[in-house]
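Labels run A, B, C and D following the written order; every chain starts at residue 1.
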């Protein structure tokens, strides 16, 4: 039987008796009230609330992708939720300005009471990192112990299980690998064949040849500039060469230089190049949102590092870490979707793009066609 | 005996067992889980946490000003705390973007379960409005009942007591009235006298006379423009006239057009005009911060109104109010420090400013003088 | 023959010799240099540059829609460009903080030299308003003269021509009217018929009946609350009633209460309700972006008004207008896409939505179907 | 004779005939119009306009400080102008979101036409860096050539001259060195002596002793944690030790680890610790604003680097530089006021602060004292 509807008051709905009763100042407890400790507590609680929401949204997207076939509608929903995460992250970065109103001198009034509590002990933040795809082995360590050592056994179990399962990164990789457009022929069983990688390769080679000739012919640039440009072109050539060679790709993965599989990379490239085709529009936006989230996480780490430098200088953080250096390094090293960022390196101008056969274009459009 | 220091863990310090256990979705309870209800709850909880911090800061500033003589240092502290409030308010406005990610259609999935809960039932927000100086009689009503009718008796008592006591507005007014610089002679007992209002009046009259002549003489403007400008000047004249006349000022207060007393207004004007004198620098910044806070509250109401329009259209809000119209009207009518904004109308260019006698300037400087 | 490529330097490419040589301070010219006049000039130049970009993007979107059949791909492009406009608008609002660093007293140092120059004389801003769809008759007047009176004849001609042609509003209305899904049968010539308006009407009636019963049955609410809710329900009923009646809609348009035609309104409603169908996803996002732009323009006007109040108080603006009141009124009255906002009023929960026949759903999906 | 006032129109005042006529698209010139090139041009022009304003404000502050004795009032003015710069920088960071609306693929449509134009050729940006205090030797090089090689001889001369003169950093250092409060006795010729460094040293030593004892006595922490904390304390001890030793400070400067002189560092420390004294309030805020500006420049470089990564991937930038790596490195290495940030490391809690003798406190207050 359905539960009967009932009235509810704002306070009770939001459980404000819990929320607003959770600020117990240690400085008060120890007899030396520090006005700014209230902000310190509230700001961290706000962060934890937002982390809860981000995890709520991210998990739901992972559920939508944790299937053999992602429904068309669900890509739209995934985009909306990732967009929400990005908007929350924007606020997370901006509100660092608020915590900076606690000046270093004011912070010293209560800093000693907090030891060794530290943002390093935020379980939800670790949950978020792991869910996105940060692997234990890629973590920058800032103490000798495992990052999960500060958590309860139950929490460690949750993290372990998360690490074992598919992360957002893994799910995206699998989804990209499944996308059937790398070889249209096999995909749609039409007579007309179109092998993306080989067509793309031809275009790249032609483009590079033309560029080389253009530089050679250019009499408006000096010899030294000509030399520089040809050198750059050579590097580009080498770079593209490594792309067409699956073995080289595999080697890069082994060496930790890349993470995304060859097939997934090719699919991501195809989506970026042919994003204007109706069926690829949403997948393209989905990939963009992943990059947004990665970028905003990097921004947050950078901004966080600056705040720590400003408040603590070179001092050791409340968790026994030299916060600034740690945070600065994670900003670079803890990226998840770096390979998606780097797709840009592989793009070629639309004018050089292999044209899709008409029949294939049709397949990428809607059933309903306006006349 | 002093309490002995002890270790504390992040989770316990922030009481995350309360904070993260306070999201109970009504849509889940009623058997129709709506993904977005989580955000709806968390966002409101975040708002309430920030309200708590704002009240914490505002109350502390009110305490600093609730004395016969505000210590010099405390003006600096007050500025810092008001600045923090303003920074928080900026985030309150910006994060409306986040709630707008709940689309109207998604909101309908759980809206019915919330009735009649409504932001109108936020006790802390009322506390904040009353503390700033919003009077019961100046409130826009949006139902027939008193705004406090939705609160418990205990909460109503707190609001009543707050309304009886001095608000931030009252404390600022009293502080301005006490400032001893309107008549320097009586203030510092020096032989040299300087009556601000009469000197200022002379300057204004001279300035207006000159402007009139300039317009008359200007042969680069058309007759119709000349006419328009002289008309504007006449209005300015009338306006300034009403300033110098304490009775007219009183009348405006009675008619609800102004709120700030004559003496306080004159002091605020003096602070604005001579803000570069060292002793007036901080008071000037303090007044600016009050305006910032007022402006940001207005921005928040405007933005909030737009969000309601977008989500609900003309529909009645969850609290039985037509939210959009109510919020839009309060944005204009619930300003507290409008008279401080309006000081701008009274300013005259520095070049026209009565010069302070040297001895007085000295008095407004520091004891320690570099040679 | 194709033009030969050539080298170019940053300075020359950006024509910095023009851009950075266009700040001539009147206060310097008149012998009383005012430091802040530089900011005043530069800030307005920055606004004009952004206006140029907004017009560039908006015009291109209008071109894409100024055809009998909008290509699928072009909706995606339109969304990107409107999104860019929205991002620029966000900056336009935020950077008002910069101009507020010119304090009222500092502004007086050079204000007199500017007369009667005024933002009211910005041709590009008028161009933008007209392009969006602001009609001459709906303009709030702030002087007795026509808004275009301050422009050269050539500029007036451009505005007149723009007013005569189709605005963005007109193009959107026509596009919505053309959308073939209000009656699927006629649209796709299938045997299965689905008339949106009548199906939707049935759902609404059923929903309202159920809601009435639920209130009647609710024994957890007081009689007075029951009464209030039933009254609200009655109003909703009346409101929906007016929707289903095309004549009433026409009357509202005549009375200036609405602008969007009946058919276009129904299409916009359909798009909002069935936005999860692949073919409607992009149209839905397109409509959202129009609302974003409208909202941000309102935010800008509101924020602008506050800035004027703060800087000038009740003083007359540099253009002879009482800027604050004018701007505040336009924020409400110069909205273009108010009717799109108001679609929210018509939405019903997904659970009450008439289900689309399977064959129709197919038609709204892609040709290519994964197995 | 004074120049006679005259009317002026908005367009003419802003020289819009120059500003709006400076967008010449290369892609149009070469016959392949690319819609997004307009944004690319306008955005860079907007940046250059803001750079002009920042330089205008910064130079004026440098002028105020380029004297033997900085007037009290001018510190207030300097704060306002630095605050304005910070507000502009905030927008410079935020508007990177706008340029990111040019997707990598769209950028390729016109990228080839721009070679070798590059932000590296922005003269104003170099001017700004040099004015703040970036030395030629501390620059990260990104080509083999001198950073100034891309400029005209005239521009190089200006940069050279700027480099030879006092930068903002130099002026601040000299001002800090002149501040007379390190030794109050000599400063004010009073009988009461107060030597800041020695008093501060005593407090630090006492504090560290107490902290050591507290850790020893703490039976709520494990032995390993005790060990860790004592080790941290030892490092702090060493660090402070190096502070009290002017020779060690000099050595750090020689090794490039620090830049600010010993005396200036001590003054900055004093200002931070006793910032609540009226006469030190403004100097404190001034130092804060310098840190703000440094931080925002770092934020801008970080954000800029991310944008380049996203748009170009690992590709070489339009200026022949590998933009991403270069920008990321400058974010860390081109800081100017790092030593001011790092003052935080030296702060001790207010409760441990040596108390100022009453007579000295008086000297730091205003002449005018309320009774």
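Here is the rule we go by: contacts are C-beta pairs under 8 Å (C-beta built on N, C-alpha and C of every residue); 3 or more make two chains touch, one makes a residue touch a chain.
The shown structure was predicted, so the numbers you read here are calculated from the model rather than taken from an experiment.
The set of chains touching subunit B and also touching subunit D is given as A, C. The angle of the rotation carrying subunit C onto subunit D, fitted on C-alpha atoms and rounded to the nearest 5, is 180°.
When every chain is reduced to the mean of its CA atoms, the largest separation from subunit A belongs to B.
Of all residue numbers used at the contact between subunit A and subunit B, over half are used by both chains, marking a mostly same-residue interface.
The mean-CA centres of subunit A and subunit B are about 40 angstrom from one another, to the nearest whole unit. Between subunit B and subunit C the centroid-to-centroid distance comes to 30 Å (mean Cα coordinates, whole Å). Looking at subunit C, one finds that residues 5, 7, 112, 115-116, 225 touch two or more other chains. Interface residues of subunit A, counted against subunit D in their complex, comprise 32, 104-105, 108-109, 112, 115-116, 225, 228-229, 232, 235-236, 239, 272-273, 275, 291, 295, 298-299, 302-303, 306, 309-316, 320, 328, 331-332, 341-351. Those residues of subunit D lying in contact with subunit C across their complex are 2-3, 5, 7-16, 18-24, 26, 29-31, 35, 38-39, 41-46, 48-50, 52-53, 56-57, 60, 80, 83-84, 87-88, 90-91, 94-95, 97-98, 101, 103, 112-124, 150. By the touch criterion given at the top, residues 4-7, 69, 72-73, 76-77, 180, 187-188, 214, 218, 220-221, 225, 276-279, 281-282, 362-368, 370 of subunit A touch subunit C in their complex.
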